[in-house]
Amino acid sequence: MSGQVEQIAPELEVQEWLNGDPILLSQCRGRVVVVYAFQMLCPGCVHHATPQISRLHEMFSKSDDAVVIGLHTVFEHHDVMGPEALKVYIHENRLNFPVAVDRPTAGSRIPRTMATYELQGTPTIVLIDRHGQFRAKYLGPVEDMSLGVAIGRLLAES
Amino acid sequence: MSGQVEQIAPELEVQEWLNGDPILLSQCRGRVVVVYAFQMLCPGCVHHATPQISRLHEMFSKSDDAVVIGLHTVFEHHDVMGPEALKVYIHENRLNFPVAVDRPTAGSRIPRTMATYELQGTPTIVLIDRHGQFRAKYLGPVEDMSLGVAIGRLLAES
Amino acid sequence: MSGQVEQIAPELEVQEWLNGDPILLSQCRGRVVVVYAFQMLCPGCVHHATPQISRLHEMFSKSDDAVVIGLHTVFEHHDVMGPEALKVYIHENRLNFPVAVDRPTAGSRIPRTMATYELQGTPTIVLIDRHGQFRAKYLGPVEDMSLGVAIGRLLAES
Amino acid sequence: MSGQVEQIAPELEVQEWLNGDPILLSQCRGRVVVVYAFQMLCPGCVHHATPQISRLHEMFSKSDDAVVIGLHTVFEHHDVMGPEALKVYIHENRLNFPVAVDRPTAGSRIPRTMATYELQGTPTIVLIDRHGQFRAKYLGPVEDMSLGVAIGRLLAES
């Protein structure tokens, strides 16, 4: 990606943080950040991406190298995927990674961060490098090996 | 199980039927009935039993030998697992088997059929023979092979 | 299958028995017999059917209801799938079910039982009922649930 | 690993190359090299590591960034895991990655490269960096995500 100006990822716009204190991307400089946009009733999230992100979070839980953040970007069936339902989903599945509830947008079904980050659906995994720059965005399932290689590449950067 | 008096399974007490018309057990005589008690946010249901029951339903979809019925027995987190949420779960996961919403019990968190059938949790799979009698009840995960053998035994009865 | 004359399964023609004493089908009357024809280097056997048959054998290991028998029917690459190689395969994979080495046929690549049983390849699972009669033959992968139902039906026969 | 003197991986000592022309590590400078030590009848290889290495090889098949090499290091049951048996294993499983047969050592059950590389068993995955230096050695199963991260880190080095 040399020769290309990378865009700094804007801060997440968050209604509520679950599983921990608020996280500012500006305070994550020096670390690789993985943002996982999901919906709690999206089958591709439930069956593939959420378990994958849990493994990833576990893998980096004792390291200062990477930060894994869930982002609940509800853009359909809003009535049944509110924060109270999400809390049950997190509790029942014993998810440990921090989860940000994307802030709703007045007059639009697309919440704010989802719009700003130009996410097209769920699951989407966004990789942000040690300088806070967008480096990759995966819509739909991505295999562990590919995701690992992409993260490893960013981790190796100083 | 010869020599033992088996109990006739009482009719399901249902608030609402999804994925098809109401089913009376009394009209299922001559067929083996599989009742699958679940909750849409129970991980053991979501990751193991619901896909298993979908396979089972598919397997018998063109046969008159067996009937597969889902029974949504919500006994916790009632606020976020109501019928509207269940409809989204069914739609998103493209479930085709008929689903009965267990009728709530006034003053109790245990819905009616769950109480009558003495179910201890979810997932539970109940097998009813061609005469309408209870024959097996599995709480928690059961392997496909074991479940298949148990159903096959009942199918062979005249 | 009433009204149809079923064929009695002939005895296996065996060069060598591994994992236990020789088994005569005539001595298995009253029990359901599962014969699993395989080759130790056939990927469909190694990755799907052998683990499945191991589960099945484990399931009936404490019952007198069913007998599970492996049958090593080498019809290709004979040089590298002889009894010594098979013993290593069984040892390394900790297989516990009895295995009969199908007796080679002079002048043919198809061993004797494979020819007599008219098996078309591996993996093949053959079901024999309590009367010693052929009842089902599955070439290629069969799902646990389907196999379980078929075995359960035979177990229910007196 | 800065500040540490890494050891240059010696050339593989090979009896025979399968699935392609001989590969010299000295000609792989500038690329990351993955050496996969396996035995064709080792269950951990067959069920986990060989499919994993196949995915890895597929992933880099159109790239000049990494080289994936199988190394058949037979240290037990030599009689039934010779090159002829290995060829059948490769053919039946449609393996596409290049495979080196490790050269036997006179008077020892441990073949030459296995001894030189100080490998303790199979499966073992060895990572060599763009400068030809040993960087990681995994004995036993390693998850796709971890392996991917480790390879990604090496790929990012210039």
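Annotations for the structure displayed:
Residue numbering begins at 1 within each chain, and the chains themselves are lettered A, B, C and D in the order written.
In this text, a contact is a pair of C-beta atoms (placed from the backbone, for glycine too) under 8 Å apart; a residue touches a chain by one contact, two chains touch by 3 or more.
None of these values were measured; they are calculated from a predicted model.
The minimum number of touch steps linking chain A to chain C comes to 2. Of all chains, the one whose mean C-alpha position sits at the greatest distance from that of chain A is C. Remark: among chain pairs A-B and A-D, A-D carries the greater number of C-beta contacts.
One inter-chain figure worth recording: chain A and chain D are separated by 35 Å, centre to centre, where each centre is the mean of the chain's CA atoms. Multi-chain contact residues, meaning those touching two or more other chains, do not occur anywhere in chain D. Taken as a graph of touching chains, this assembly forms a single closed ring in which every chain touches exactly two others.
Pairs of chains meeting the touch criterion are A-B, A-D, B-C, C-D. By the touch criterion given at the top, residues 52, 55-56, 59, 143-157 of chain D touch chain A in their complex.
On the chain C side of its complex with chain D, the touching residues are 41-43, 46-47, 77, 79-82, 84-85, 88-89, 92-93.
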